[in-house]
Amino acid sequence: VTIHYSAAASLKDTLTELAQNYQKTHHNTDIELDFAGSGQIKQKVLSGAPIDGVLTASKTDMQALTKTDKATHSQILLKNDLVVIQNKQAPQLKGTLKQQLTAANKIALGEPKLVPAGNYAMESLASLNLQLKDKFVYANDVRQVLAFVASGNAEIGFVYRTDAKISDKVRISAKVPAKTHSPIRYYVGVSATDKAKQQATQQFNHYLTGKPAQKIFKQAGFKMAN
Amino acid sequence: MTLAIAIHKQMNARQLNFTATLTEQIYGLMGPSGVGKTTLLRIIAGLTTAETGRITCQEQVWFDAAQKINLPPKTRRLGFMFQDLALFPHLTAQANIEFYRRLKAQPRQVDTEFEQQLITELELEAYLTRPVTQLSGGQRQRVALCRALISRPQLLLLDEPFTGLDDQLRQRAIDLTKNVLAKTPGTQVIIVSHRRDEITAFTDNILALER
Amino acid sequence: MPIIHSLIIAISATLITFLVALPVAYFLIRRHTHFGWVLESLLLLPLVLPPTVVGLFLLQLFGKFGFGGRFLALFHNYSLIFTLSGAVLATIIVVLPIMYQALKAALLSVDSNLIEAATVMGATPFETLRLVVIPNAYQGLIIGLLLTFCRGLGEFGASLMVAGYIEGKTDTIATSIYFSIQGGDTSTALLLSGVNILIGVCALLLIHLLNQQIERKKQQL
Amino acid sequence: MPIIHSLIIAISATLITFLVALPVAYFLIRRHTHFGWVLESLLLLPLVLPPTVVGLFLLQLFGKFGFGGRFLALFHNYSLIFTLSGAVLATIIVVLPIMYQALKAALLSVDSNLIEAATVMGATPFETLRLVVIPNAYQGLIIGLLLTFCRGLGEFGASLMVAGYIEGKTDTIATSIYFSIQGGDTSTALLLSGVNILIGVCALLLIHLLNQQIERKKQQL
Amino acid sequence: MTLAIAIHKQMNARQLNFTATLTEQIYGLMGPSGVGKTTLLRIIAGLTTAETGRITCQEQVWFDAAQKINLPPKTRRLGFMFQDLALFPHLTAQANIEFYRRLKAQPRQVDTEFEQQLITELELEAYLTRPVTQLSGGQRQRVALCRALISRPQLLLLDEPFTGLDDQLRQRAIDLTKNVLAKTPGTQVIIVSHRRDEITAFTDNILALER
């Protein structure tokens, strides 16, 4: 069977490798990997795109799917941390997260409705009691947050720990305490309507939670959910 | 052919009324500049629509303002040499002359011998393979004349066909046109000219437009 | 593979939009209908909307629950989503306005005397188009083709939505560039950008040579 | 606000590209330089690349550490990034190829006899452009303006990269549509799409009326 | 003015050699169709470049193939009536005639009285506000003639200026042109025509081009 698997864009390299490994041992399953933002994946499934497996970077997107029965067998796959980054060319930021944030002129973060990382950042800012709305520059995706910080025009930006690795022009200046936002979890789910595809997707999801897969995820900086 | 038309608006608010029954083969159309000669030919061809009137040709109604009949130009079986020639600038002289052959919807028999004769008489051989944009004024004039004559139409409309040619070429072109007309008695022709001698070389039937 | 996919998409979108837009533009120029007015507005739509939105609309239309999707499903359960054909369709919709307007401009530039001359000689509208209008408008037509082809190469918003990014199946140069940038892989992104530019410049060169050929043919016959 | 921002961006990008592309196209058509060949290729670049990539490039160039950014910082520490001017710049780059090619097609359609006539009468190239070429190419020029304006309205990839999405400052209709759609707020997205279409249709209508005006002036003087 | 030019390639591989020194005010240029009359005028105007040769006008070198001198047309102070008229289709008759006034770089004095007289003599008043695309062939011809005469150039080139006009208008146009030339002795003129009488009405200085 061929299954169409839509996954969060930030997992592109890792998941491509995993799918290749998987297909070496499971010759009768063809995996079509397709990448997009989590919000976009949700949109696609809701619009009736023939997607069999989903991997989203947020709980809310997965919930939107399970609520309408567009996805089943959802389960937590990975964990991640939220960090703030700064440009490597700028002097190392000092002080607590709160101080760093108040000192900045422009703060880059993902559009909260759209980018899960942006949403978590908003939660943290709320629980830290910071009113910084007029400093926000909303980005389309994580990459854009990185670009804004890399260009030096936003002093600080919110991204996941794993994303901070993408660009060599930024460094992590502070960790955002995990208790200030709801837990960052990656979810897998099954959206297939066809029996055989459902089964194949479930099998692949199961493989992702297994030991060999965990190793590769860890290499990319993710933490496993359990 | 019977004509009875009136047009006003599309002539810069001048007035053109024209009534005639054409029974002979050849007619000359004369009149001062701007009186409406070209406009009249365009109305006959169906390119301009008269405001009122009626045109019939060989029992067929071409135009009737009252009954809202207006036969499209392409079904009128015309040959038209335009005053400004309207040669196809992307084609060579030859391709312009032979344009009819490429029209499949309304094929006209063009026999090669006849074509060859026209080309020779109009001294066009040397220029056949040239794009018309590279021809001199007089050469273009002859290509346009040749294109109109070759079509063997039911009605041939020539708007100042011999203008811009030197005396010798003009005489040759006139003789040639006469020859062609003599060989195709089914073709009726209207020749516009500002020179009386050009018309009288063909006929005494002169349609005069006056202000 | 992305290169081949991009070429397939850009070339077929260019050809299809050309064949669709040319008769429509020709027809609408000849007769000034009110219907044409509506059609022109419709044709502007994909231009003023972000490509992603166009893509989402197509996704909904041709998804499992959409009208188009259900219709196509009647044929061996066919689906456009996540296929190259879907990408072609999305690109077509995005580039159609550009093609249409460019062709319209080209057709408008043809001297109406020539069209009259052809009509009087008995040419049908189609013959007039083929024998007179197209050859005289070719400079403008070619520019329309170039614009459309290049925009088709660069388009990714709509086709990403409809066809996704499936390596080996629906990945194009543009989407690959996008994802390598997302992944921080700047060198691949630069390389692929170079490829796209090369293709664009080749198209330009081709047109240039073609033009020269035509000009030379005209001059030194 | 997004509506005003969009209008500012689309209108100024259209005007600026027009004023830039017109003399360049005119000059390159008159003399066939080799330099022109390079310039044309350069001008195609933003067309074959995804707008996001164009935006990323501009962001790097005009960012604090980029060449352009450092230069501009000399003037009262000015920065283009996260400003409306930045969005205008990004849009200009994206729409420039369309404007240029459309203008080129329009200029090419002008009969060279007329240009010769003006030259013989003593007109400078600029006077020829203003008095002869533009009035005779206006149909094509207007189509170029329309295409550019509408694409400017729909563009969001590049300008989002350069100007970000700052509510009340750099949000445009296109980015707002994008974000509301992604956020699942379909009704806002539909509303804003409607606004964009309306603006596009208004532009079309304006052009239509203008055309009619000109035609009428010609006919019933 | 002295002329000594040769051109070959740009004449469809015909040959044109021409040498003359023009000292009189008025010259007629005659020759069969396609011999190179228009080409010669274009070379003098600087619109076509001769392959070899030299053109000087009032001590000024306009063209010298050997020294690679080629004065641009706009500095030659010409009036040129083209064989195909080249009227500006977007302008009215009046705006075509008055086009010179809109050129700031090389202003020429056009006095209103003189302009009015030309317009009246050529019977153009009624059409002044019309776009030239709506004029008849003969009307366009007169607008072009008027545009050329009004410019008071150093050198006036008229390519078949009286073609397509009826006898009465032709006579009027010839007389008018003669008048204008008599009043502006500084203007040298070359008139191309295929009719000898049109030339002899002006001058006996005939430049003949032969095959």
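Lettered A, B, C, D and E in written order, each chain numbered from 1.
One rule holds for everything that comes next: contacts are C-beta pairs under 8 Å (C-beta built on N, C-alpha and C of every residue); 3 or more make two chains touch, one makes a residue touch a chain.
Just so you know, these numbers come straight off a predicted model, no measurement behind them.
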Labels of chains that are neighbours to chain A and to chain C | D
Name, by label, each chain that touches both members of the pair chain B and chain E.
-> none
Note, CA centroid farthest from chain E's centroid sits on chain A
Dominant interface by pair count is C-D
Determine, using the mean of C-alpha atoms as each chain's centre, which chain is farthest from chain B.
-> A
Quick one: chain C and chain E, Cα centre-to-centre, how many Å?
-> 48
Distance from the mean Cα position of chain B to that of chain A, given in whole angstrom = 77
What is the distance in Å between the mean C-alpha positions of chain A and chain D?
-> 36
Give, as an integer number of Å, the spacing between the C-alpha centres of chain D and chain C.
-> 20
Give me the residues of chain E that touch two or more other chains.
-> 84, 130, 134
Would you please write down the residue numbers of chain D that are in contact with two or more other chains?
-> 56, 178, 181
Of all residues in chain A, the ones touching two or more other chains = 40, 43
Mind giving me all the chain pairs that touch?
-> A-C, A-D, B-C, B-E, C-D, D-E
Provide the residue numbers of chain B that touch chain E in the complex, in ascending order.
-> 12, 32-34, 37-39, 83-84, 127, 130, 134-139, 141-142, 159-160, 163-169, 194-195
Parts of chain A lying in touch with chain D, wherever the complex brings them together | 37, 39-40, 42-43, 64, 87, 89, 106, 108, 111, 113-114, 136-140, 144, 147-148, 150-154
What residues on chain D touch chain C, complex-wise?
-> 37, 40-41, 44-53, 56, 97-98, 101-102, 104-106, 108-109, 139-140, 143-144, 146-147, 150-151, 153-157, 174-175, 177-178, 181, 189, 193, 196-197, 199-201, 204, 208
Show which residues of chain B lie in contact with chain C when the two form their complex.
-> 45, 47, 72-75, 77-78, 80, 82, 84, 86-92, 99-100, 102-106, 108, 129-131, 133-134, 151
Chain C to chain A touching residues, read off their complex | 56, 59-60, 63-66, 69, 79, 81-82, 160-161, 164-167, 169-170, 179, 181-184
